[in-house]
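Here subunit A shows up in two complexes: once beside subunit B, once beside subunit C.
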Partner chain A sequence: MPESPVPPADAPAPDGALIQKTASLARLALDPSEVEHLVPQFARILGSFETLRALDTTGIEPMTRPIELETVQRADEAGPCLDREAALGLAPKRSDEFYAVPKTLEAEG
Partner chain B sequence: MSRPTDDVVTGVVSPKTGQRWIPVLGIEVHCQLKTETKLFSQAPYRFGAEPNTRITAVCTAQPGTLPVLNEAAVALAVRAALALGANVANWSKFDRKNYFYCDLPKGYQITQFDQPYCTGGGVTLPSGRFVRLTRIHMEEDAGKAIHDRGPDTLVDLNRAGVPLIEIVSEADLCSAQEAFDYLTSLKETLQFAGASDCDMEKGSLRCDVNISVHRPGEKWGTKVELKNLNSFRNVMAATEFEILRQIEAYESGDPARFPVQETRAFDAGSGRTRTMRSKEDAHDYRYFPEPDLPPLYLSPEFLQAQAEALPESAPNRRQRYVESMGLSEYDAGVLTATPALARWFEETARLCGSPKDAANWISNEVLRALSDPEIEARSLEDLPVGPDGVAELITLVLSGRVNVPGGREVLRAMLKTGKRAGALLSELGLEQVNDEAQLEAWCQEALVGKDKVIADVLAGKDKAVGALVGPVMKASKGKANPQVVTEILLRLIRSGAAS
Partner chain C sequence: MAHERKDAVGLARAIAAGESSAEAAVSEALERARGLGARLACFLSLEPDGALARARELDRARADGRALGPLAGVPIAIKANMATEGFETNCASRILAGYRAPYTATFVQRLVDAGAVPIGVTNMDEFAMGSSGENSAFGPAMNPWDETRTPGGSSSGAAAAVAAGIVPIALGSDTGGSVRQPAAFCGIQGFKPTYGRVSRYGLIAFASSLDQVSPFARTVRDLELVMELMSGADPMDSSSLPMGPMRRGPDTVRLDGLRIGLPKEYLPDGLDGRVRGAVEAAAETLRSLGAEVVEVSLPHTDAAIPCYYVVATAEASSNLARFDGVRYGLRVDGDGSLAGMMAATREAGFGPEVKRRILLGTYVLSSGYYDAWYGQAMKVRRLLRRDFDRAFESCDLVLGPTSPTPAFTLGEKTADPLTMYLNDILTAPASLAGLPAISVPGGFALENGTRLPLGLQLVGPPLEDGRVLHAARAFESATSFHSERPPLFA
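Right, the complex of A and B next:
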């Protein structure tokens, strides 16, 4: 099983480094004053989860959303596709029939 | 049922030290579900389609779009799970796996994280050993990034959003051969369940192997993930190489050389694995529940309906072919190589009424035609003749209208031209000659001067007459019924008419 999405009870309190790392994962550029501003905010948000964590939830089913809904499904029927020219025209750059992006080799050694 | 203990595992003997090592393998398989459209959009995916022509606003992540789940993908995912004896959860949810890469326009992949739709189940290897599955979950595929054409990376989003199931095994496998066997059995199960084509060449089956080695009884070694394995043969070769590489690394005694937790790619050309460098944070996916999709509930009625719609498995078909159709185990194996072939055979057998003849004609003649350069068909679907055509031919042979060699010729012509057997029979002049007077005349001719054969037959050696069947067949231009010819020759000799 992959690791749980919920931070463990002994997770470190948010500090500047953690905020910077999270921001870089989300491709957000933060300057130091913004980071300083965000540290107490994150601490407050995570603190409220600590309040929740104190409750005894033994035997209670996890709730992933506040309103009981069931996902809708659709029939497996083809619909119209985008016009390629129109779709590629929305991109900053294209190369023939492809989207073109800066060379990004994620997985080469 | 669990992983066998180290003392019963054969293991791998180090070529250097002669020590026995225990490989531990787990496999993750990504399998494309055989739907018409994508998991969350109505784009009809086709392998080989022109780049960026199978995309909608959803697959290209245009602002304001919402995913809507494809019910056929859910049904096929459930059938795959049931065919693998797994437990299907009555509710599951979708999550976002966040990462930035050009093949993923949304910046996240919709997958299932901590509440997958399926857990447990397993695959039985030909050796009889049961390999447990941890889980199966549904997810969408990413697009394709092309790095070797020009200065930019080129992106084709046709594949983005194609429905996949990821099948995760327990670390129950103990050798490269078992990895191969596991994948072969898994593929057969998925194909026969109708869930996937499992065509590795088209990317509809992909696998990653996790490997570690340890000395018997000791703690498991560090796990290495192998990627880029595009055939089962490559899985075997890569796994064999990696097991020996890890053994050698540990035996060097140099901790700096010990395997580290990493992803390695297999290079089929050199037969070696090599480190795939990836960014440090690449695996910090920050999963969270997909807010655009409420949970998925699967009713007992829906699950029951999928169980009833599940086609017969390959092992059950083989057993039925042997036990109630009288085929050999070998033929039963040949004819269940793919679901399409099994259906072809069963339809032919039903129409001609003789499973054994259907098996012979299909496994000997029809399958051979698929590798015949003169017949431009590489799969059964490409053939201009269907089971009804072959069944018609078999019926003509069984009723004596054409002999077996003539039948073969007719079939070849059918496969080349798509014409019916009956029409070709007269067109090629292969209609079997059953006219006794004509056959007797040819036999009389063949007997002239064959005193040795005649004497042998009269001395009780009936088989000697075989030498004369050929000349008669030749005189008839292949149209005589060889069995009837044999009978006539014997009758002529015994009655003295030949002397």
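Right, the complex of A and C next:
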């Protein structure tokens, strides 16, 4: 893996467009007053996190988990699992034995 | 009899000896939960019918001469992010309001198998995101030492319930300090195990590489018992370590030969003098028990907060993607499209702090920013771990304050998220490094005439959970802070 580039010091300050774009990626329908509120908060939080970016991490391997673990595999045998009715019973909307969601494809013609 | 004055070990012994009954102990806990618990907003829901039925079953088992588990009849409380079949496991969020877990977490089941009786679900910061309990969608819990103050967070209700004598044991979860900091604010014991020591199966994930199920109690022996019962590999969690239950340390309360490291970075010049005084007094107490105190350095401590908030929010943004209005919880139709339904559901269901963290996490993982933020944070996380590895070359445990201050007032830090985040400065490092750490009662600070507890933290090397608890038990034996009760306890 190539070494991460040191982030540019002139990264653009967070603005409404950045918050909106991020909210869209995160599937959050923020209202305009929330966006307005979040812009200075993002700027302040990310600004205070600059100490992180200032550290020299040349040659340091990323630490993805606190304890290095071999992948643990168990026998490939069917065991007990959650009952279908118990799972579907929690759904806000169901159709027979399926979860129901709004249409994702428009009808033709 | 006054069950609330007994710890879990004492209560279980009294029940086993026939001096009390499980039904009496559970009834009394429920009564206190409805009275004092309601006043402090400790619980989001109680499960009296199931709890009393279970207690009577245990009493019958005893009467029939059947063997009882080591926690038989002991009432316990479960945090609202822990699956307990039939209990409302809503993570203190509107998006999961009414959600009743269809299965039971491994760690809850192990305690139930030992005879513990869950009586209800405790209040918390929504999805465990917060340091004061004020991010609960159902209103904040209060500190039994001063009801105008926070009990800490995110395991706010659990800590308050133990400190107020409602239950002797409550389960919390600690991601960046969510059990240690409330334990410190409430004057009780709170232990975060080595990452992987306790199965996370059934703990609703916030930040998977950090989350650990962590118990609260009023005595260290209770924590040791709970850890012996809960820890050990679980086939349902591939991140649980492939080893048996934790083994507790020696019975002696001497600490001869133990080296305690005091990191200079945990005692900066501007530190509250009362907090510094408590750490210095604790070092003296540990010396009197035979330990040697040495100075150590954890030079990257300042980077812990940004590192933690990048890693934790990145993981949270991914984990919380599952709450989309399809399989459980709230659904809001929005504009009628699938994406619109999901976005409208999440917008209506999540509170401001959860949204803020999902956005931060999405941002640090997004194309063009990943290396600069998340990639860098994972490298700094290794630096933080190396700091501890080096410190443990010259000491066996690290001692410091749990929190820079005693409990702050409700509302004091809600306006500025960053101020709230900084509260985790002393607990986040051990979380990032995956290390076992305890907060023990270590003194009191007088604030406007009110006595507020101070907590001290002991951190150990990986898998030395038993050593951390042993030192805490020795400290407990030489001090009386843990036996003081808030005025409301009476």
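Definition applied: the second predicted complex is superposed on the first by the 75 of 109 C-alpha atoms of A that agree within 3 Å, B and C clash if a C-alpha of one lies under 4 Å from a C-alpha of the other, contacts with A are read in each partner's own complex, and residues count from 1 in each chain.
Rule of thumb we're sticking to: a contact is a pair of C-beta atoms (placed from the backbone, for glycine too) under 8 Å apart; a residue touches a chain by one contact, two chains touch by 3 or more.
Note that the structure is predicted; figures quoted are calculated from it, not measured.
**Q** Looking at the overlay, what does A:Leu30 touch: subunit B (first), subunit C (second), both, or neither?
**A** Once the two structures are laid over each other on A, A:Leu30 reaches subunit C alone.
**Q** Counting only touches as set out at the top, which of subunit B and subunit C does A:Glu77 meet: first, second, both, neither?
**A** A:Glu77: touches subunit B, not subunit C.
**Q** First (subunit B), second (subunit C), both or neither: which does A:Lys93 touch?
**A** After superposition on chain A, A:Lys93 lies in contact with both partners, subunit B and subunit C.
**Q** Does subunit B (first) or subunit C (second) touch A:Leu52, or do both, or does neither?
**A** Touch partner of A:Leu52: subunit C, not subunit B.
**Q** Determine, under the contact definition given at the top, whether A:Val101 touches first (subunit B), second (subunit C), both, or neither.
**A** Once the two structures are laid over each other on A, A:Val101 reaches both partners.
**Q** Once the two structures are superposed, pull the subunit A residues common to the subunit B and subunit C interfaces.
**A** Residues common to the subunit A contacts of subunit C and of subunit B are 4-5, 22, 24-27, 62, 64-65, 69, 71-72, 74, 82, 87, 90, 93, 99, 101-104, listed in rising order.
**Q** Can you list the residues on subunit A that touch subunit B in the complex?
**A** 1-2, 4-5, 21-22, 24-27, 62, 64-65, 69-82, 84, 87-88, 90, 93, 95, 97-109
**Q** Spell out the part of subunit B that touches subunit A in their complex, as residue ranges.
**A** Result: residues 35-37, 41-44, 50-57, 60, 62, 68-74, 93-95, 98, 100-102, 113-115, 134-135, 145-147, 149-157, 227, 263, 265, 274-279, 281-282, 284, 286-289, 291, 293-297 of subunit B touch subunit A.
**Q** Under the definition above, what is the set of subunit C residues touching subunit A in their complex?
**A** Going by the criterion above, the answer is residues 99-100, 102-103, 194-196, 209-210, 235, 238-239, 241-242, 300, 302-303, 306-307, 309-310, 317, 321, 324-331, 333-334, 336-344, 346-347, 350, 352, 355-356, 358-360, 362-363, 366, 371-373, 375-383, 385, 416-418, 421, 432-435, 462.
**Q** Would you tell me which residues of subunit A are touching subunit C in their complex?
**A** 4-5, 7-8, 11, 18-19, 22-31, 34, 38, 41-42, 44-45, 48-53, 55, 57, 60-67, 69, 71-72, 74, 82-83, 86-87, 89-93, 99, 101-104
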